[in-house]
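Paired with chain B in one complex and with chain C in the other, chain A is shared by the two complexes that follow.
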Partner chain A sequence: MNLRTAMSTKSVKFIILVAMAVLIATASAAVYYSIIMQPSVTVTSATISFAQGNDWPTGSVLGSNSTWVSLALKAYPNATLFYDQPLNISNTDTSSHTFRLRHVTITPITGDSAVGNFTFFNFVVENTAGVAQASFNYTTTGNNWNTPATTSSITLPANTQWIIYIETKAAAGANAVTANLQISVDVTQ
Partner chain B sequence: MTYPTQIQPELFALAGVFLFLALSLLTYFGKDRFPKKLPYIYQVAASFGLLFLVVSRFVLPELEESTRLWYCYGYLIAVLANTIGTNIYLAMPKRQYKISRKWSAAVTFPSILISTYFVAQYGLTQTSLVPSIAQITVIASCAAIATCAGILVFQRISHALLHRVHTGR
Partner chain C sequence: MKVHRMWEGYSHIVCIVLTLFLMIGLFGSDVSAAAHDSLLNQPSTTIAAPPVILQSGSTGSSIIYTNNTSARTSVAAPVSADGWGTWSNELLLNSGFEMGNLSGWTAMGPAAASIGVFSATSGGDSYTQKNLRIGSYGVCTRDTPGTNDDSGTWQNVSVAAYAYAIDRGNAVINASGWLYPSEWTWDDCALIVRFYNSTGGFISAWNTTGEYGSGTAYYPKAWMLGSGYSHFTQGQLKQFGCYNYTIPVGTRTVGIQLGMGEHKAAANYCGGQADEASIKIRTKNMPTYDYVLRAVNQVTSAWNVSLQVSNSSDIYRLSNATISFHDGTSSNQITIRDGNITQQQGSLYNLPGGAGSTTYISISNLLANATGASYLFTYLQIMTPNTTTRIFYTITFEIT
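What follows is the complex of A and B.
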């Protein structure tokens, strides 16, 4: 039996036909699976956002889409300055979300002689009743910063706005220097 | 992690591929009733379906959904036309009415039913969109397929009734 005869036998033809069918079906299913498993990203407004408070500091900037904020705060030498309601954090979603405060950067860097001009910057998250939910306090020891640890997760209920209360203090006889802090608000969706 | 739940138009192409492959194997078994090369032609047709899927996924992934819908849906219509065509081929030139009826019940009607289901599901997922020409066409085609299925069922019932009248049973 030569190859031509062998190839023309019914069983070989059938096996080839079935093998081709299985191959095409498997490949098609795999390609379709890869199509439906492509990730899709939809742009939506942030469910947790910032809002200006009643005590909004002059010169502060609320970023577009309220997803970032730059506060211009003051610190008086040897006196504590309170900002009762400089900034609000708002949950516009119909379900609650958790968030936490996390330190990112601070300048002047620790060890710099300018650090000794400050005493503390304390950020306190308060609920609508004014009860503190978390405290995020930057203090100094000599020319070193004591940066706060990341707060535990705080649950912000649905359609609720909470307050970020701030108090600052500079050292007695402090020079006119500026500190820049970057704090991240990590939200769990 | 969330997964997309919306049916993609490529589902029609995938259904078409499976139907063409099923037709290929079925026509191979009924060799004496169909042209010898028909199973291989259907295999090639199924390969075209795979090609459509590959084009959608890898070559032109930026294509609009309406465009993808057109060619995938066209492919599904082609396979359904072939299914009905084989049915007619058995009934008319070959005059094998018994086999034609069985083919209608076992192959043509389920194929149309499954395709109608997919098209209806796809139509349902598109209700939130503004009605477009593509959407209207999908609904119209869905109605056409359902009508076709109805005709086939009617044909089958009427054949059975006529047979009873002729035989007096």
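What follows is the complex of A and C.
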């Protein structure tokens, strides 16, 4: 085995790599000492959660821990349906928290001919005085969805429950189809 | 080969170390970001058949749009300054006694037998002022010794043909007669108008002094003694009566009495005399469209419904209009008075459960003060009882 052959072996290449890593590590830090991070993770209930509204829609499901909700909504053709108090968002903490609404998915997907059966679904966050804090409105143009942009951060005061108010409308002559949405409520801890 | 194997074994450890360096670097760059968590809202929206549908009515003109969830209805309002129509023809038979007899009239009272018509050359007695008449004939009470002569003539007329307007307070009456106490000092007269319901029951009365209520028709309490009543002028017939008097709701018959009295029972004196009685009626021409649309339930659930104005145009020209629900009971939902919407939304009205249950929509007492077209854009609110969940249907009312 001559030198060239020896230098090309895998072992030697690896030695060089390690040597360079050690060189880099030692070149920028002279001395190390260790401190210990000792996290403990406790399972607690979410301080921001969903709650059933006074007019909880029939067939809806509030998941365990109230961090997931499946709402069964209706829409009527050429008529606007208002759910004034279907769902609440609740802050049980002694501090305020901010949250935002963010679109995740919707089916039928945009471009599907079924999309044109819908006119809009609008989710409106209302404070205790009934003043809208954010509107999250899905509309259609032909067979395409116009999905809403993520809302700006909304501050939910401590120990407060707000309403998420919903309006739906289907197009005149609409067929009996269903749209499934996923909306994330991102909460800052 | 040994060295090679040894380094192969250490290579895993070195990779882990390098990975840790990389992770620490990444962590270090993100150390200022806050912690987040996310809740997931997963609604599903299903398009369903409308639980209530709109259908055309039997009056006015309606268009029902796709899915029967919106509609437009058109009605016409008469144009008038005050809405009042013209006076009717004379409703009394032989109102001025010009038939030369008492046809149509009934003589009543203790001296009924002495009541009769007179002319310039016939009837009456020596005290009858035969020159005080309108036309050829008048009526009087002749003297009947030894009796109380407080008697008169009476005629009832049916006003059932005006029932619709009467029951809405939209009918007025002119009822009158010309009277004179023949022997000025001692005689007296009265004119009484009475209102009866469909079964002949007494409702109320109007009389010359406003004092008279119910009582015996031929013996009124509000007689006017000639010398004691300032409205009489000696030697002249005087017209009395009620004018533009609102006919009480429920009236189907109106009676008029011409009272001609004699208070001096012991002597041979005549009583009063009368002529040219009249009953005329007029009504407000404010049509009602009883049934322009209806809301028909399609499901077993009951609903609470109401109407509310969302927008309007050219309402200024409408003097009067009322939009109501009815189905046995009624509920005014939207009212317009003198060019203004005075009631924007009605109270909740029950649409009973069960397919086919119906609430009717009417537009009543329509009146405009100018030609044109006015529009009321409204929502029919359909609410699940005891909840705030509700559906809005659009209904447009066009009033030309």
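The rule is short, and it goes like this: the second predicted complex is superposed on the first by the 151 of 189 C-alpha atoms of A that agree within 3 Å, B and C clash if a C-alpha of one lies under 4 Å from a C-alpha of the other, contacts with A are read in each partner's own complex, and residues count from 1 in each chain.
By definition in this document, a contact is a pair of C-beta atoms (placed from the backbone, for glycine too) under 8 Å apart; a residue touches a chain by one contact, two chains touch by 3 or more.
If you're wondering where the values come from, they're calculated on a predicted model, not measured in any experiment.
**Student:** Between chain B (first) and chain C (second), which does A:I48 come into contact with in this model arrangement: first, second, both, or neither?
**Tutor:** Once the two structures are laid over each other on A, A:I48 reaches chain C alone.
**Student:** So, does A:L17 touch the first partner chain B, the second partner chain C, both, or neither?
**Tutor:** It touches chain B and chain C both.
**Student:** State whether A:N117 touches chain B only (first), chain C only (second), both chains, or neither.
**Tutor:** A:N117 sits against chain C, while chain B stays out of touch.
**Student:** Have a look at where A:Q182 lands relative to chain B and chain C in the superposition and call it first, second, both or neither.
**Tutor:** Only chain C; A:Q182 stays clear of chain B.
**Student:** Name the contact category of A:W145: first (chain B only), second (chain C only), both, or neither.
**Tutor:** neither
**Student:** Have a look at where A:I35 lands relative to chain B and chain C in the superposition and call it first, second, both or neither.
**Tutor:** Once the two structures are laid over each other on A, A:I35 reaches chain B alone.
**Student:** In the superposed model, which partner reaches more residues of chain A, chain B or chain C?
**Tutor:** Comparing touch counts on chain A for chain B and chain C gives C.
**Student:** Determine where on chain A the residues touched by chain B overlap those touched by chain C, and list them.
**Tutor:** Residues common to the chain A contacts of chain C and of chain B are 14, 17-18, 21, 25, listed in rising order.
**Student:** Looking at the complex, which residues from chain A come into contact with chain B?
**Tutor:** Residues of chain A touching chain B: 14, 17-18, 20-21, 24-25, 27-29, 31-32, 34-38, 40.
**Student:** Quick one: which bits of chain B touch chain A in the complex? Just the residue numbers, please.
**Tutor:** Residue list for chain B touching chain A: 3-4, 8, 10-11, 13-14, 17-18, 21, 24-25, 28, 39-40, 43, 46-47, 49-50, 53-54, 56-57.
**Student:** Which residues of chain C touch chain A in the complex?
**Tutor:** So the residues of chain C touching chain A come out as 3-4, 6-8, 10-11, 14, 17-18, 21, 34-51, 65-67, 69-70, 384, 387-394.
**Student:** Per the contact definition, I'd like the list of chain A residues that touch chain C in the complex.
**Tutor:** 9-11, 14-15, 17-18, 21, 25, 46, 48-50, 54-55, 57, 67-87, 89, 101, 104, 117-118, 121, 123, 164, 166, 168, 170, 172-189
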